[in-house]
Structure formats: structure tokens, C-alpha cells
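You will see two complexes here that share subunit A, one where it goes with subunit B and one where it goes with subunit C.
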Partner chain A sequence: MSPAFLYGGAGILLFALGLWSFLVHEPLLRKLIGFNIMGSGVFHLFIAIAHRGDGLPPDPVPHALVLTGIVVAVSATALALALNSRLEAADANASASAHQTHGRGADEHADDAKRRRWPTR
Partner chain B sequence: MNRDLSLLIGILVSLFAVLLLWIVYITLSAETGPRLATLALEQLPESGVSHPVTAVLLNYRAYDTLLELAVLLAALLGIWSLGPAPAGFQLAGPALAVMARWIVPLAILTGGYLLWVGGHAPGGAFQAGALLGSAGVILRLAGHPRAGLPSEEAQRWLVVAGVGVFVLIGLLLAALGYGFLTYPKAGAKWLILLIETAATLAIGATLAAAYVGGRPLGAAPPSTPTPTEDARA
Partner chain C sequence: MTSTSLLFLPVAVPLLGALLVTAFPRTSSILGVTAALASSAGGLWVTAQTWLHGDLGSVLGGWGLPLGIGLAADGLSAALLAMSSLVGLGISVYAIGYFAGSERCTHFWPLWLLLWASLNGVFLAADLFNLYVMLELLGLSAAALGALTGSREAIAANLRYLLVGLLGSITYLLAVALLYAGYGTLDIGLLSERLQPSPLAATALVLMIAGLALKAALFPMHFWLPPAHANAPAPVSAALSALVVKTAFYLILRLWLDLFPAIADAAAAFVLGALGAGAVLWGSWRALRAQRLKLLAAYSTVAQIGYLFLFLPLIQATPAGAARDDLIAACVLMAITHGFAKAGFFLAAGLVQQKAGHDRIDELGGAAQSMPATTFSIALAGAALIGLPPSGSFVSKWVMIGGAFTTGQWWWLIVIAAGTGLAAAYIFRVLGHAFGLEPTPRCFLTNARAELPAFLLAATSGVLLGLGAGPLWSLLGLSGGHA
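Showing the complex of A and B:
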């Protein structure tokens, strides 16, 4: 059991945990967190693969890929978070206006919206 | 989603993970064939920098880095197109304000150091840009509505600076007959440093602007109040 396999294996575990969370949880925010954990697992694995044995300098190519990958992942996460917050604002707004016009039925609509986003378990 | 389904997904994902672990294990225990590392380290004296990761980023795989910067820009344009930024937080308490006053200049200074040191040691545009971006995040948390960034027009110039300088240098080199982003050995160091400086500013500004989360406040074009704006108010 080499240290590289230990590191890479930890990356795969992170990837699997993130994938499971991404598939199972319904709220977008939790999916996004799961997706980021998957990404971290991939970065972990890349760093492990860069190891070329003791005494040799690590392979710089995977290191460079991880470096740019981190910044791209952060910016993509920012875009997803911005979309999510606009979506929530639009949702809240839609249920509020439905409440004003339809009275009783709108409550159910708001409940539906809430259930879609934050399912009770 | 019901319990059985999430259990089933859990089992399938576990099996997938075991398969991946097995593949990685046999890959790592096999004899390593020819790797890019040998080539990368061999060509290092020709690249203009002495740190292999920077050489990969700015020289061998410069196309890749150029497109990464374009991805950053596209993400920020997406965020800006969603509407104006939400209002900033309240002004910081005394402790946070003093911390911001110390941390932000230190982060900028360290960013400049990382940018310079990237030529021969771990560091470079992405690390320096990340530090600048985090300085912006701290400023925004401490109550600065624009996260320390300049006016909207200046921000637009800043965020395209990385891609712009990169492409201009590439085109200039192509016009001089070297080929797109193929540096002549004599000037490689300074061209890389110029690109990295622009990229650092662009990455820092982009990350800070992305954290602000919308089109810059202030001189925004006149917009009719949309439902979403009402909801936030």
C-alpha cells in the first residue's frame, strides 16, 4: 500500500461521497456542495498521480491542471450560487403574489414550492 | 426521495467507488510508462521560468490557461447578467474593521510576492489572484459594498485584462512569425511575467466580483423594477 494509493484512494472516497450526496439530496445547495466535494476528490487523485516515486520531482502537469481547476471550480460555484439565490427569490416572489390573488389555494402553492426546495424527511 | 432508493444509490455508488479504487491501484502499482514530466523537466531551461508548474501553465499549456481565464470571465458575465448585486452587509464592528485593515494590505503584498516568486518556486498568477480575491471577500464582509473594486467601467477593463493581454501577446508573437503563444527564448521570462500580472489582476477582480454576486452597484444602467428586485427590497 503506497502513499500515492492512500492519497488517491482518499480522493476516490471523497468523489463517491460527493456523488452520493449529489444524487440523493434534492435541495440545489446540497447538490452544489456534493458537486464541490466530488471535485475535491478529483483534485486529490490528480495530486496523488503526480507522485513519481521517492527522490524524483513530482509531475508538474497534473499540478498545473489542479491549480487552474480550483479557480475554475470556485468561479463555477459562484455562478451556481448566484443562480440558486435568484431562483429562490423568484420562487418566494411567485408564491407571495399567488397568495395575494388566490387566497386559500395560494397557500398550497407556497407549500408546494417549499416542499420542492426543502423536502422534509 | 424515498429511503430505499437512496439506499440503492448508495450501494451502486459504493460499487463504483470500489471499481475506481481497483483501477487506481493497478495503475499505480504498474510500471510507469513514459510520462509528460520527463519532457516537461527536459524543456525547462527553454521555457523562460525555472519552476516546472509555471512553465506548464504559461508556456507548454498556455492555450489551456488562456481558456481557463475565459471560463472565469464567462462565469462572471453569467453572474452579472442575473441582475444587480444584493446590498452589502452592515458596517463591520471595530474588531473586524481593524482586522480588515491589517489583512487586506498583507494579502495584496503577499499576492505580489507570490506572483514574482512563481517564476522559480511554488506561486504564480492563480495563487496571487486567489489572494487578491480573498482580500476582496474580506472587504465585502467588512461592509465595503463593492468589495474594494473600482467603478463598474474599471471593473470591466480589469476582468477582461487577463484574456485580453494573453490574446494580444499571442497575436503579436504570431505576427512576428513565432506562432501563437510560442515565446522566443530571450523574452520568454518577461512575456510570461506580463501575462501573469494581467492574469493576477483579472483573477482577483473576477473572484471578488463573483463574491459580490451581481452587476456592480452604483452607476448601473436605469432598469425598470423587476419582480425579483421587489422581492429583495
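Showing the complex of A and C:
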């Protein structure tokens, strides 16, 4: 078994593990970590491809692709987290106004915020 | 400067506009609409050059492939570029009035111009990795635009849209890595020459089409589209439904025709066609049952995307020649007609919603009757969605039905007939409310700047594209066109 195959296979395994986590787990943070693991799997595969044989310089193209890919993955994660914090702020407002009308205790909606997850359909 | 070296204009002009609008938020409306005019001119200029000189290609900054960024325009990209330029201009003019006096204006323009740049980037990119970058840019700006209203539903729907888009594009990227491992190039032209039927290439095909079908909201992966499109502001809904979903379909068509002809077989085409049939039936049914006008339009998008996938088994079963060329051109015509029709429909629906303060279909009678031009726009766009003559989709459906007869795939005819019937039902359900007994105004246009973009887009889809479909065949460089 060649090292390139081992690295490439590990990349595909990482992709599959990340995909499983992305699909199965409901909280946003777990989905995002799953997505980043999927991305790492693909980058792993790219780095394995760059190997052209012992003693030869590696192929620069996959390295450039991985760098771009990392930038894209980081900005996508940031946008998802920003949207999620807006969502939590909207929920906090909603439960604050519910508190005013129903007179619920502060502890209760702190609990609500903990329990709340991003909505699924 | 030759025409080839200016191929970057449709990407660079909106990108520059987005930067300027971000730097000077006080004048964002004026700057934004100027940038929109320039972007539209740039896109149409490239379409015209492709029309006159045939396929164009350029490598940015003189850096050769594979490290440089290559751009290419052929008939297919030029046709879609023309659609994004005209629909984009209509949406921009409408947006000035829609966002007037609102601080959302300063957020809309940078994101919208960025979205436009990445749309054109997808249409012009010549290699698989740049396509990935453009798709991601498109997904990020589209999700941010969709959440612009800031309401809880909009943010939740667009967070889901973002995640679905990320899943689609990372799957696509895995396929890109596999192809690079197997064939050592990312250029679409070179790759299609080297591609041999192999397990690797077949895996890459499945991964790419699956990832892109998720982004194109092909049934049953459409679940994210209706809430995301229905909760966005009207100009954004128009852009998402008319343009953004088309990019994923454009890529599937391009990969199918240019990259994977050696691997794509009738079974794969049948699976995609069957999913398309599911989309036509389910999307039209849900549109008929929808309570809100924008939700109806969003489900109608799901159905119309289904029609585009119905073309694939027909194209696959037809031998190369005039009949196959007709089918390809009809498929592109259908995509373009839907782009104009759905943009016009959403813009008009936004006006009705602003007037009435809600978009519940059953209570829209009065608002619709007080705006004759807007109601007429909805009717024209609706005629194109149903496929009534002389709309562009009538020509497309005509060719599609002919193809189904010639290739003996009669079962698609049932889907087309049922989908058309359901579309007529959901459009007339909306229009029925416009014929009540409320007093109607004397003038046709009540607010020209807001109503004209919707009207012109709808009229283009409902009349112009059907009567003037001939040039599309020559732009795509295809024979046939007797239909």
C-alpha cells in the first residue's frame, strides 16, 4: 500500500465522518465542525495528490487550491456563526417580551436559550 | 484591446461596484444603480462579442493555466450572461424604490453586486476550481442577502440555505479533487479530452451532480428553497429564484454536455428526469395549496427547475443532430424564460405585498385591482410559467413534447400535461382575485419606476422570448430551430 493511497484514503474517511456528523447532529456548532472536518478531508486528499514521487518537488497546484479552500471554509463558518448569533438574539428578544406578558422568571428564559437549537424541518 | 482580453468585465465591474458602495455607503443607491448599469452593459457586451466572433477565452494577467485564472465564453454562457444582465438591471432599478429611505439599502447594494459578480463568474469560469470559488461566493452572498429582513424566519431559513449550499459545494470540491488525482488538470476542455469511462470518473460525476442538484433544489432536495425564497425582500427573492438556482442547473447542463458525455448514460439521465418529474408534480401541487403569494412563487420555482431536468433523458436518448440541438436550445430557452418570468412575478408580488401589507392570496383582491400594471405583470409572468403561447416556455414545451414522442418516452408527457394543468390552476387562483367588484383606477401605471421593471421582465418572458427565440439557436451555435 503506497503512502499516497494511505493519505488519500484517510482524507476520504475524514470526509465521510464529517458528513455523518453534519447530517446526524442537530446543533449548529456540531454541524459546522462536521463541515470543517469534511473540508479537511478534501484538503487531505489534495495534499496526497500533490506528492509526485520521492525526491521530486511536490505539485504546487493542489497546494494553491487548499489555501483558497481554507479561506472559503473559514469565511463560510464565520457567516454561519454570525447568522446563528442573530438568531439567538432574536430568540432572546422574543422570550424577553414573553416574559413581560407572562411574568416568567429570568432563570426560565435563560434555560430556554440553553435548550434552543437551530430549527430543523 | 481585443474583445478576448475584456472578458473579465462582467465579473470585475460589479465587484468594483460592490467595493465602491461599501466605501461610500451614503450614496449607495446612486453608486449602486450606476454599477448595475455598467455591469449590465459589460455582460451584454460580452454576449454581443460571442454572438459576433464565436467562442471567446482569456487568461487573466497572462498567467497560464493551471495556476492562472481562465475565463471562457461560449453560446451557453453568453445566453445566461444576457439573462443575468437584463434581469439584474430590472432588479436594481426596482430596488431603488423598494429600499428607499431604509437603512437596509446600504446592506443590499454591496451584497447584491457581489452576488452579481459571482453569478457572472460562474457563467464565465473555464476551470473546475474557479467554479467552486464562484459557487461559494454566490452561496455566501445569497444567504446574507436572503436574511436581509432580519426577521427570525428569514434568518433561520437562510442559515439552513447556507448549510445546504456548503454541503453541496464541498461535495463538488471532493469530485474536483478526484478528477485532478486521475487526470492532472482542472480545465474543462482538457479534462473532457482526457476523461475515460472509469470508476473514478463515474464517482466524480455522481458527486458533482449530487452536490449541484442540492444547490439547484432538485426534488427531493428542495426543502430549503421555499422558506428561504419566500422570506427574503422582493428584489432578493427575484434574484435568488430567477438567477441563483439557474447557476447550479447551468453547471449540471455544462458538465453533462461538455465534461461527461463519455460517462453519462441513459440510466443516470432517467434518474435525473424522474427526480425532475417529482419536482414538477410536487412543486406545482404545493404552489396550488400555498396560502401566500411569495410561497406560491417559490414552490413554482421548484416545479420549473423540474422541467429543466426533464430535458436530460430526452437529450441523452436523441442522437447528435438537429433534433438534439433543438432540445438543448429549448432547455436553455426554458431556463431563460423562467428567469425573466419569475423575476417579474416576484417583483410584482413585492409591490402587491407593500400595498396590502401582507401577501395572503385570498385577501389580495383590492390591492391587486388598484394596480393594473402590476396585476398584468403577474398575468404575463404567469402565462410564461404555464407555458401559454407566445411565451418562451411554450416553444420549449413544444420541443420537449416532440422529443418525448420521437424517443418513445411517452411517460414524460403525463408529467408535462399534469404540471401544466396545475400551473394554470395556481396562476388563475391568484388572478381570480383581481376580478372582483372593487372600483378600479383609470391609469394603468400607478408608480412607474417600481412597476415598469416587473412589467418589462414579465413581458419579455411572456411575449418577446417566444416570438424572438430564433436567435438563441444561432447564439448557442446549434443547428435545427425549425420549431
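The rule is short, and it goes like this: the second predicted complex is superposed on the first by the 101 of 121 C-alpha atoms of A that agree within 3 Å, B and C clash if a C-alpha of one lies under 4 Å from a C-alpha of the other, contacts with A are read in each partner's own complex, and residues count from 1 in each chain.
Here is the rule we go by: a contact is a pair of C-beta atoms (placed from the backbone, for glycine too) under 8 Å apart; a residue touches a chain by one contact, two chains touch by 3 or more.
Bear in mind that the values here come from a model prediction, so they are computed numbers and not experimental data.
Novice: Return first, second, both or neither, reflecting whether A:H63 touches subunit B, subunit C, both chains, or no partner chain.
Specialist: In the superposition, A:H63 touches subunit B alone.
Novice: Between subunit B (first) and subunit C (second), which does A:V24 come into contact with in this model arrangement: first, second, both, or neither?
Specialist: In the superposition, A:V24 touches subunit B alone.
Novice: Which partner does A:V42 contact after superposing on A: first (subunit B), second (subunit C), both, neither?
Specialist: second
Novice: Just checking: does A:S2 make contact with subunit B only, subunit C only, both, or neither of them? Give me first, second, both or neither.
Specialist: Only subunit B; A:S2 stays clear of subunit C.
Novice: Report for A:L79: first if it touches subunit B alone, second if subunit C alone, otherwise both or neither.
Specialist: both
Novice: Decide which partner touches more residues of subunit A, taking subunit B and subunit C as the two options.
Specialist: B
Novice: Using the superposition on chain A as set up above, list the residues of subunit A that contact both subunit B and subunit C.
Specialist: Residues 8, 12, 15, 19, 45, 48-49, 60-61, 64-65, 68, 72, 75-76, 79, 83, 86, 90, 119 of subunit A touch both subunit B and subunit C.
Novice: Mind listing the subunit A positions that touch subunit C in their complex?
Specialist: The contact residues of subunit A facing subunit C are 8, 11-12, 15, 19, 22, 28, 31, 35, 38-39, 41-42, 45-46, 48-49, 60-62, 64-65, 68-69, 72, 75-76, 79-80, 83-84, 86-87, 90-91, 94, 118-119, 121.
Novice: In the complex formed with subunit A, which residues of subunit B make contact?
Specialist: Residues 1, 6, 9-10, 13-14, 16-17, 20-21, 24-25, 28-29, 32, 35-37, 40-41, 52-53, 55-57, 61, 64-65, 68, 71-72, 75-76, 78-79, 82-83, 86, 124, 126-127, 129-130, 203, 206-207, 210-211, 213-214, 227-228, 230-232.
Novice: Enumerate the contact residues on subunit C facing subunit A in the complex.
Specialist: Result: residues 66-67, 129, 132-133, 136, 139-140, 143-144, 147, 150-152, 155-156, 158-160, 162-163, 166-167, 170, 173-174, 177-178, 180-181, 186, 223, 227 of subunit C touch subunit A.
Novice: For the complex, which residues does subunit A have touching subunit B?
Specialist: It comes out as residues 2, 4-5, 8-9, 12-13, 15-16, 19-20, 23-24, 26, 45, 48-50, 52-53, 56-61, 63-65, 67-68, 70-72, 74-76, 78-79, 81-83, 85-86, 89-90, 92-93, 96-97, 119.
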